[in-house]
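See the structures that follow.
You will see two complexes here that share chain A, one where it goes with chain B and one where it goes with chain C.
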Partner chain A sequence: MGENKQIRLLLLIFLFGAVGFLNLFLIQGNKELTPIILYGVIILLMSYSYFIIKRFFVDGDTFIFMIACLLTIIGIIFLYRLDILNLYLHNQDMLANVKQPRNITNYGLKQLIYFAIGITLYLIIIIILRNFKRLRKYKYIYLAATLIFMCLSTFFGTEILGAKNWVFVFGYSFQPSEFGKIFLVLYLASALDKYESWKDLIEPAVLVTISLLFMVLQRDLGSALIFFGISVTMLYIASSKFKYILTCLVLFFVGSFISYKLFYHIRKRIMIWKQPWAYANNESYQVVQSLIALGEGGLFGKGLGFGHPEFVFANASDFIFVTICEDLGMLMGFAILILFFILFYRCMRAALRAKDNFSRLVAVGYSSMIAAQTLVIVGGVTNAVPLTGITLPLISAGGSSLIITYFALGVIQKISEEGKM
Partner chain B sequence: MDLKNNIKKVLIIYLLLFLMLFSYIGYFEVFKAKEAVESSFNSRLWVKRAEVLRGTIYDRNMTPISISKKINDTKAVRDYRGTQYTAQVLGYIDEKYGITGLEKKYDNVLSEEQLDVKETITNLVEGKNKKGHSIVTTLDMNLQKKCYDLIGDNKGAAICINPKTGEILAMVSKPSFDPNSLRKDWKSLLENEDSPLLNRATNGLYPPGSTFKTVTLVSALTNISNVENQTFKDSGKLKFNEKEWIENYNGAAFGSIKLNKAFYKSSNVVFGGLGLTLKDQLYATSESFYFNKTITSNDIDIKKSQFPKAKAAEPGNLAQSAIGQGTVLATPMEMAIIAAAVANDGVIMEPYLVSKILKSDNSLYKNITSQQLGTAMTKDISDKVKKYMREVVLYGTGRSANIKGLDICGKTGTADFKKNGKDMPPHSWFIGFAPYNNPNIAVAVIIEEGGRNSEKAASIASKIINSYER
Partner chain C sequence: MRDWHKLVSLCIRGDGMSLASLKYVFTIGLLAIIYFIIAYILKLIYRDVKEEGREKLPDKPLGLEVLKSFKEGKLKKGSIVPIYKETTIGRGKDNTIFIDDPFVSTKHARIIIKNNSCYLEDRGSTNGTLLNGEIVTGIVKLKRDDQIEIGKMIFKIIG
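Let's turn to the complex of A and B:
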């Protein structure tokens, strides 16, 4: 693909952003310039990063960068739309003298800041990482880091939305399990790239099992599922043995069954999944409201700003997919899924072209992390699979998730460069 | 190197997973979305309703019965001026307890005015508040109140229909409640064993007792030739075997009688015997009166009345069914329709409640006309049945309904029933119409546990007709 075509794609993304933010400017009901400023900053960030990537790292795959940015822009547009709504609801509550008025939020601006940090990290990785495959020798550092991040919230965690997976440090909160994923992939890649026999699998198996146990204890079932997905995918790539996958699946089902019997919160999830409408007033309230929002949107949606995300729980994070679908329709939902798949494809393509196994495994690990996360949360909010609370990568509000996703993409970008040399 | 191959396989597996998710979402949007959107858990419907000032429900003389009033800029309150008189038929709308009755059936109409392009633009320019359509019902508020008062402290229901059109003039169910204090009373309403929330007129199923003989009579006149000139022997008892028989009220024996006398004396023996002769033909006649069928109506939900398909080997059941006992069950609405069909030359009109839809400025938006549901008998037969029913009031069991100058026709009924295996005081029934020559009102009245003689319902019905005709 020639440079001209790439520039054209970039301009199309800018045009999309322009339409979105202009829309926000018009629906917000006052003359605030925030949407225009947000848009300006995004354009500057993207153009600058594109320039650097193109200028100095000609061989890299710019598609990864552009699709990631497009998804982030969709996220920021929608998060700012939620800010407008929350401000309106807050003002209404103030007028009505409600004791606890609903909060004013600043998702849009915060997300832009995380985006800036993420992109910077992305650029730093591709600039300072000279020889990626040398990183394989720090296996035990990754092992230690994974363990630390995994257990962090079990001991210092705070419970938010029913899962104890947040840690507060100096007033900032973050999800250690998100960072744990990054190190898990690095560890698995360095442990599996010289795979010869099943003996090489014992150490990784122990680590993965311990991580899963911590996740279940923290009630972070979504992350547990992602961990499992990543590990199995990487195991298969490294070993090419289908029987290992089968063993893993059997073990997974046995483990799930035992957890199902042991933990009420898991039984509840399954019960909700099977019969969401039977408990619509209580346990499955969130899922039912999510399904209603999805249905309300229909094919084309109600138009940006015309849906009712206020009835959807966690509308900026876990459930953002359905709130987007209510406003912009199933077609937008499909578009987002297609973008995620293209992103996944480009990342896997980098893995295919990589020269060494370590790089390959890392690229596969990170790509499957993003894809699995998309499948699990979109499947969850549409009740295709039991709901487990995780973020939709790149779109959901939240610094931890956005930053580590850009980190992962940066690494893949770097790997894609090596492939062409 | 097979790593590459593996990567391709993984890519395909993920592609399949994405495709499955696509199909699932597509399936949901096509087949499940409607159900989700229309579920009572969808709060958006309440937001939409709150944005417009709900339309008014009027009676046939343009007396407002349910009306929405603004209490401030964003909130309106529904004032149910019909109070307990119209509680079940018009229903209520409450964010917490849902929406019922006519308010539910016409929710779309009452909560959104259909405007043409010009009106939409003027409204936008002038910044007018959104309003819903108003509706004019067929109810006559005076008659409605009269029915309510006449039933008094009894449990029961009364329905008045214009037999020629199917317009519902009054529909009362007791005990009732005041929808204005729904929130305060909700708990006690739910706990009340007499279920005040239930609309007995359309959803209460009762054994119709002797009023059902009207259907048996129609069936006999249709299917048995020259039956009206036949002489029947009534010894007071109709025996099927050693253990089973039916007998007349008070054990009376009417001797040799004609069909008309058997009808106005309400002979169980003669009509039970007719049931044995008619067999499946009675079943067919009952279905032509909409037993075992849904009476379609845009405005009300009516429970299906039931007539059993009896086996010839069970003469007891056949005879019991023919006199409206056994497993025959009917709603008061069904019985009113039977009376109305006789009054309207055998033609059943669809019962309806809303005659006009108005725009928010009270100009006419849409007229609703009456519809035929079907024909239950020929005019010949309906003329005969009319005469028989007139005789019931003149000489027979319905004499307490006779009011001079009104020419009321009717049929009484006392319906035995058991509650928890115990015999209860029977329900008192009356169905009828007036005047004989050119009927303009058909009624059905049921007084639950009204007692052995059917006078209670008959006298209430005649007073209702009286108040309508004068």
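Let's turn to the complex of A and C:
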């Protein structure tokens, strides 16, 4: 593939960013240069990383990097758009002497910092990991790390928005289950690497069950769903036996039925999913507002900065897809889904071409992690599946999620390099 | 520029509607660019898939020169073997370079080209591989004029 063509693609991505940030600069109503500065830093970061990848790691897959950066740029554009909105609302409230004015947010700048950390991590992985296969030896380290991260928020967690999945350390908050995911994939890959009979599956099955139990206890149903998706996909790739998948699905349905009977919050989610309009002012307020916003946006949207995401709950994290669809329409939503699909295809391609089983399983695990997360949250906000609060990878505000996704993509990039050997 | 900015921010606050149509320009622009990017990526990927089968040769082709050989055969002293993406050395007949020497293991070593540089890996041989007189463990990077010693054979990297 010609290098010129790739640089042209990079320039197109820069052009997209330029139009988006120019739009933000014009709608913010003051002459602050923040959007221009954000754009400049993004360009510098992307060009530098592209230069490193192209100069020293020719064999790797550049599409993964390009698409991930494009999605992050879309995310930062919309997060800064929400900052503008929140500042405006704050000023309105101050003028009206409201007792508790709505908060000023700083999503855009924070996301840029996380993007910088993520991309640095991505480059460090590509540079440092010389021989990826060697990592398969540390199976029990991954096992311990998974267990620690899974149970961390059950014991030290703080409850935010009904799910007890945040941990505060020295003023910084993070979601341990995000880090747990990374280690779960590494553990499953090293455990299923030498799969021979069903006896090899007992240990991973126990760990996955424990993790799922912790997730249900923390009421983090979205993460539980994703863990299940990742484990089943990796099991199928490792064993290629359909009867295991069938067993897993049966167990999944039994487990969901039991938890449906046991926990009130699961019953509530299902109730909202089945009849969102019946409880529009109470339980299903969030989903109904999101559906209204999606309908308002229509096919072409109301224009960047002209929608009303202030009515949508968690508009920067879980519901950011709705914010995007309201402003730029379903067409932008489809574009994002297509981009995620191409990203998934490139990641799976790296897995297909990997020479050893461990690398293949890790690549499959991480790419199914990203795909499952996208499907669960996009399905959730459009009420196609019961809504569970998780982030849209690469786009939602949130440091843990963004950094973890870049880590996973870095590993896949490294594996894609090995594949050409 | 300053007046224009004021005008645009006015129209966005709803005070002046004359320039509100600017938002359509931005929406159409953003959508057009993103779909163009998608089409472009698909085109590049298509080209990539089509060229899959073809072996890409490294920018600077490398070769192995036999410096010392233990018997006259195909691999006699002074002969040159080109290095491809993966060159394996050993006593087994399926190796790229096959040496019929009892001191050489069946799967002895291999030379890989990755990211335009050349690496030597010892594949768990019994008697080891020497690079410039030192035993190789794991994967090491090769430079030009490095000498590789396997059994009684000595190779030199040329390029």
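The working rule: the second predicted complex is superposed on the first by the 421 of 421 C-alpha atoms of A that agree within 3 Å, B and C clash if a C-alpha of one lies under 4 Å from a C-alpha of the other, contacts with A are read in each partner's own complex, and residues count from 1 in each chain.
One rule holds in what follows: a contact is a pair of C-beta atoms (placed from the backbone, for glycine too) under 8 Å apart; a residue touches a chain by one contact, two chains touch by 3 or more.
Since we're looking at a predicted model, the values are computed, not measured.
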Which superposed partner A:Leu121 touches (first chain B, second chain C, both, neither): neither
Touching partner for A:Val364 - first (chain B), second (chain C), both, neither: first
Chain B versus chain C as contact partner of A:Ile43, first or second or both or neither: neither
Partner chain in contact with A:Gly303 - chain B first, chain C second, else both or neither: second
Touched partner set for A:Ala384, first chain B, second chain C, both or neither: first
Partner chain in contact with A:Val58 - chain B first, chain C second, else both or neither: second
Touching partner for A:Leu213 - first (chain B), second (chain C), both, neither: neither
Contacts of A:Leu89 with chain B and chain C, given as first, second, both or neither: neither
Intersection of the chain A residues that touch chain B with those that touch chain C: 345
Complex contacts: residues of chain B adjacent to chain A: 2-11, 14-15, 17-18, 20-22, 24-26, 28-29, 32-37, 39, 41-44, 47
Complex interface listing, chain C residues touching chain A: 2, 5, 8-9, 12-13, 22-24, 26-27, 29-31, 33-38, 40-42, 44-45, 47-48, 51, 85-86, 112, 114-116, 138-139
Complex interface listing, chain A residues touching chain B: 233, 236-238, 240, 277, 280-281, 285, 288-289, 291-292, 294-296, 298-299, 308, 311, 330, 333-334, 337, 340-341, 344-345, 348, 351-352, 357, 360, 364, 368, 371, 375, 378-379, 382, 384
Interfacial residue positions of chain A with respect to chain C in the complex: 1, 5-6, 8-9, 12-13, 15-16, 19-20, 22-23, 26-31, 56-60, 63, 66-67, 70, 130-131, 300-306, 328-329, 331-332, 335, 338-339, 342, 345-346, 417, 420-421
